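Each of the next two complexes has chain A plus one other chain: chain B in the first, chain C in the second.
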Partner chain A sequence: MKKRNLIFLVLAFIFVFTLSGTGVWAADDAIVIGVISPNTGALAAYGIGISTGADLAVEEINAAGGILGRQVELIHTDDQSDPTECLNAFNSLVAKGVQLIVGSATSGCTSAITDAANEEEVCILSPTATADSLTTEDDYIFRACYADSFQGAIAAAYAKQAGFERVGVVYCAADVYSKGLFDSFSKACAAYGIEVAAEQSTASLDVQDYTNQFNAMVNAGVDFVYAPYYYDVVGPYVVPQARAAGYLGIIMGADGYDTTPDYVVAGADLTAFNDVYWTNHYDPSDTSEIVSSFVKAYEEKYGSIPSAFGATGYDCVYMYKAAIEAAGAVDAEAVRDALADTSAVYECVTGTFSLDESGTPMKGAAIISFSSDGQSVSAKLVDVVSQLP
Partner chain B sequence: MSTFFQTLIVGLRLGSIYALIALGYTMVYGIIRLINFAHGDFIMVGGYTVIFTIPLVLRLGAPAWVSVLAAVVVCALVGMSTELIAYRPVRKKGTNMTALITAIAMSLFLENLAQAIPVIGPNPKVSTQIFRAGGIRFGTVTMEYTTIFTLIISAVIMLVLYTFTQKTRLGRAMRCVSEDKAAATLMGINVNHTILLTFGIGSALAAVAALMYLAQYPKVYTTMGGLLGLKAFVSAVLGGIGIIPGAMLGGIVIGLVESFTTSYISSSMADTFVFLILIIVLVIKPAGILGKNVGEKV
Partner chain C sequence: MNLKKTSNGYLLNTVVIVLLFTAFQILTKVKGSDGSFKLVLVPSLWQCCYLMVLACSLNLVLGFMGQLSLGHCGFMAVGAYTAALLSLACERSGFFTGKSDPMFLLVMIASFLAAGTLSALLSLLVGIPALRLKGDYLAIITLGFGMIIVNIINNLPFCGQDGLALGSAAASLYKNGLGFGSKAKVQFLWFALIVTILSLTLMFMFVRSKYGRAIRAIRDDEIAASASGVNVAGFKVLTFAYSGFFAGIAGALYACTNATLSTSSFAFTNGGILNSTFVVVMVVLGGMGSLTGSAVAAAIMFFVNYQIKNGTWVDLLPSSVKGIFEYPMLVYALVLIVVILFRPKGIFGSYEFSLQNLIPDLRRAAAQRKAARQERKEARANG
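And now, the complex of A and B:
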């Protein structure tokens, strides 16, 4: 009797696992889109933004009747902002037969899956991976954000516009994103006739102390420092330590500064965050119809203002929708061809744009500044730049 | 000249943290000859405890640093449970090598366990201000009070630990266990209790280190123990592992090397030089700066 129970139990388990493994539980003819994002780990705020944004878009699309009359379903995977985990997540999605993928958030992770995606002929549409090298012509890699060559140049253009002739840079030499922005920033500085008077780097993104680097900026006598890092070090380390080292000029960053106000030290002197500027994909206080309805829907569902990662995650799903409808099919090759069409125009939350030959949108950037009364840090829009001067 | 002082201060700031963590490594190693790789993760446990208890402590009207008391208790419990659940059974059956591998496994286990707890989660957490900002000004540079506190606390702990192991009954028992477990048992020393106590003290030190770390670098995340623990371990080895004053010396040397490399050689090569220095010192003096070259001892 006991033995028979055991055999029954084992069989039941096998049955359940086989069912879930082959995806029998999924709706019959749903269009499956995989999402790879850093839902845990140091950059979890990005992953949460992307997956909630994508979820919201799918909910809206399904409520409106789906794509080509079929419902859409997302499979979320987590890369922990680790390139190896990103490749694992990619392989697990491919093993499930997923052909369309949204991801990943960072350039470092996304660069780990581009070759595999081209080999497996699976579409990758990254919401926020900005490194220039990621997308090329004739490949399966696309994105919903501008590239670093544009983002770094915008910062240089801003420095020029504000009248700075000598600037400094503090960046991470070992990170694709930080190094890429440094490269494009210094290239643009050369073009605009701005002198990069001091260059300092850090060996990894785990470094805790930036005092010596900013001390070098003070010694070089610069009043504008470009410091492309991520929010998890900008809030607790970079900005307060820069001020403590006596650097009082402008600190400029990039889209990695998004969500910094949630990662500042309560009780410390937060006026350190005055004169901090950064470039971003969109501005949530934009009053246009598409942005305000997105922000309203997101706030209703999740109770917070969407970050740029929420916006680009949302846009990615809608870009796939547009491409699938243009192609009239859901296989990777047809969608790829539709995305590669440079004449297609996407009306998105982060702007109305077409993709260039490499698969990167041609769109503007918002320049945002932090300001603080000492108690908390808030962000406000300074300018929207759509073209480089 | 101001660059020199600034660099020196940053070096001392980093070094004081490494020294405080290295004391925990060296203490456990000195007694049971085990490199407790999970020690870095005890810092993480302490860090989260501090962050979660600060709001309660502030509500009671006490200063934020009082939360270290909770951290000391939690860390000591975690450390002793680690010994009871993982290290003791393995030590009974296996060799030194298996114990070492268990320590690495324990470290990964703690990191992943922390991530799985919903209130901790994967997101980094930023602490509130622990000590009042400010410090002593030398010309244009400021030496923060926190750095000075950390150095003083490290020195005091070093002295207390040293006196404890040299002069007290329990300390003597610890040294006996370290030299010869069988003989210690014959002398009426309860070896298992002594080792458990060592873990309790070592882990409590991690809680203090976590508080001082947070006071200067106010961010905790589940994998923070990795590189931090590694550098502290290097400090302990550099100073002479198992030798209590060596841990403090090693920590400060590593902090200074890191800082001066950043300022004067190349800011992206700081870690390279830290480990290069380690190799050079170990080639010249395998037992570490303060270590004695006694064949059997290590």
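And now, the complex of A and C:
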């Protein structure tokens, strides 16, 4: 009997908390920014990067006196990289009165909330959703990263610069991110006179076997393969299986390759990761003042070098800060107008840039390569491309 | 006498449903533009609707027929994409413009029916070879089907994410097709509720009919059933197709709710609560062989999942407890373990909640509990 009473008591508490919950979380005059990121699930590394980066930015801003004299507060929500959960998280944030949102990490999730944001008139500033179509309309959607049409073209430009005339592509036709990068890459290849000699597609982004695809690459005799995937398959499957299939040329990827070294299989032959290149939002070893101070502060607080997701999450908060200060107000409409101003210049960790009409930054990309001595995989900067040739 | 009782039961249920429904419509009118009503309650109801229909439709196969289907979300995916594409096609051909167009209602009904029909046809295709065999072949075949269908959809040029998106990655469903934004969700809530009630009623009537008795006989003893003249294979395929139909309807509801379709939501497992594994979990949690149990379990699973991620009370918990909540799968596992410990047959077992029998049922349960307590007391006094 006692046990049952206890259960009822707990349930009653939960119920009361649920009902009385709205409105208890924020200090009265704090500026509240919502963060939607995949903190658990397959792409958790992205979510953790974004939320820690945003936390760091808020801490710095609050220590320096806040925005317009008001403190900033973040509400973190988790979308598990699932569109349904992303929409739920968005709705719950808006129901709490949040008007400014940072999120989400992937293009697939962000596309689930763009129209809802326009309808509810809430600002969305995505740290890393790169699909072209996200910001096509004049609306409440902005981002802190370049779009795929630029990212894919950079990879093609790199191939041309390195002297490759025949290339291959392994991609996932079903995913907005992978397909978008494939489209822009092959379009740029056509423009640069590079022949795409082999095209292989996988059924989904989380396939675990790429042997057939890379066998086809070997048969086609290409030495440069563009393979836009996320880190969760690149580390354990794509690269090792490509090498095992006898493909020894260059594997080129995009920003999804970030944090790959943390996800390589222990005991695998790490030299496979030599000759792997990828385009990224920033380079942590950059010696400029803003990057080095960010990397130092992040390392002190979290004990690791920030990924590009940490950097763009950090940038998003500072972009909101700049926009709020320019607008002199914190409501979504004023901030939207400030962000839509294409002449505003943002000095961020991932570059100094302004947004174009669609709300996408015009900035360069870093080309980074992995190298390995067999013990560990490390990343090093190859080149920074700010303009397409 | 019995017949009269049955029809009285239907009458009572209809009256209560109509009353509740009217009350809800009034509530919608009054609170329609209220923030948390529009953004929290209504989307939650939409999600509960499709989860309930889905869980109940699986229960027909798993609970009443005793066959395990591990690819139920595959049928849901078929329904979702059928409804989405049909509505998009209608919009593009100029059949209706905007959601206030009276033709839209017609299109919506047509897409729901098409979604159900196509799923039912596919489940016939899957069921005919699988269900003629004895044993667990259905589990294996549906497991494969769930994966195959997801890959097929992904790679069809007109319905992968790319095809639906045409122009804008925020799937154009939202503006042009079935997809509902928050205002439209409030406006069309009645539709979701009616579809759900209708689906549950049809499934309930099926279970109570001679077909329902036949499949329960098959579940309990296939040989005895066929010896009594039940066409075992025929009934199995029929039930599977019937279940597939409602999975398709659930898919259409899903398309309305989300406005973006992504095949990862229909996989065998994924991070969320909508996948083939979790539907099985819902059925087991609610009680195999109880449709009301499945509906309740679906609502509970949704509520737990939603609260873990978005509940404001989570922030008030001590950080050690909050640490567990960072891994939602752990919480579901704990909930399941607790339920299975205390109610090994699921929350409802094979009991069907019924308004008509509620009072006698409660009285009987109370009497049983009292007797059990008395017995224990006596045992203690004696021992």
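We take it that the second predicted complex is superposed on the first by the 368 of 389 C-alpha atoms of A that agree within 3 Å, B and C clash if a C-alpha of one lies under 4 Å from a C-alpha of the other, contacts with A are read in each partner's own complex, and residues count from 1 in each chain.
One rule holds in what follows: contacts are C-beta pairs under 8 Å (C-beta built on N, C-alpha and C of every residue); 3 or more make two chains touch, one makes a residue touch a chain.
Note that the structure is predicted; figures quoted are calculated from it, not measured.
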item	value
Chain C versus chain B on the shared chain A, clash or fit after superposition	clash
Which superposed partner A:Y263 touches (first chain B, second chain C, both, neither)	first
Which of chain B and chain C A:A174 touches, first, second, both or neither	both
Contacts of A:I305 with chain B and chain C, given as first, second, both or neither	neither
Contacts of A:N39 with chain B and chain C, given as first, second, both or neither	both
Touched partner set for A:G246, first chain B, second chain C, both or neither	first
Chain A residues touched by each partner, larger count belonging to chain B or chain C	C
First, second, both or neither for A:S107, with chain B first and chain C second	second
Partner chain(s) touched by A:S204 [first = chain B, second = chain C, both, neither]	both
Partner chain(s) touched by A:N219 [first = chain B, second = chain C, both, neither]	first
Which of chain B and chain C A:D82 touches, first, second, both or neither	second
Chain A positions touched by chain B in one structure and by chain C in the second	39-42, 80, 173-174, 201, 203-204
Contact set on chain A toward chain C in their complex	14, 17-18, 21-22, 24-25, 39-42, 77-78, 80-85, 87-89, 91-92, 94-97, 107-108, 110-116, 119-120, 131-134, 136-137, 173-176, 179, 201, 203-204
In the complex, chain B residues that touch chain A	2-3, 6-7, 9-10, 13-14, 64, 115, 121-124, 126-129, 133, 140-142, 144, 217-219, 221, 223, 227, 259, 262-263, 266-272
Parts of chain C lying in touch with chain A, wherever the complex brings them together	35-36, 39-40, 43, 47, 150-151, 153-155, 160-162, 165, 167-171, 174-175, 179, 181-183, 257-260, 262-265, 270-272, 274, 306-307, 309-313, 315-316, 326-328
Contacting residues of chain A [partner chain B, same complex]	39-42, 44-45, 80, 172-174, 200-204, 206-209, 211-213, 215-216, 219, 232-233, 235-237, 244-246, 263-269
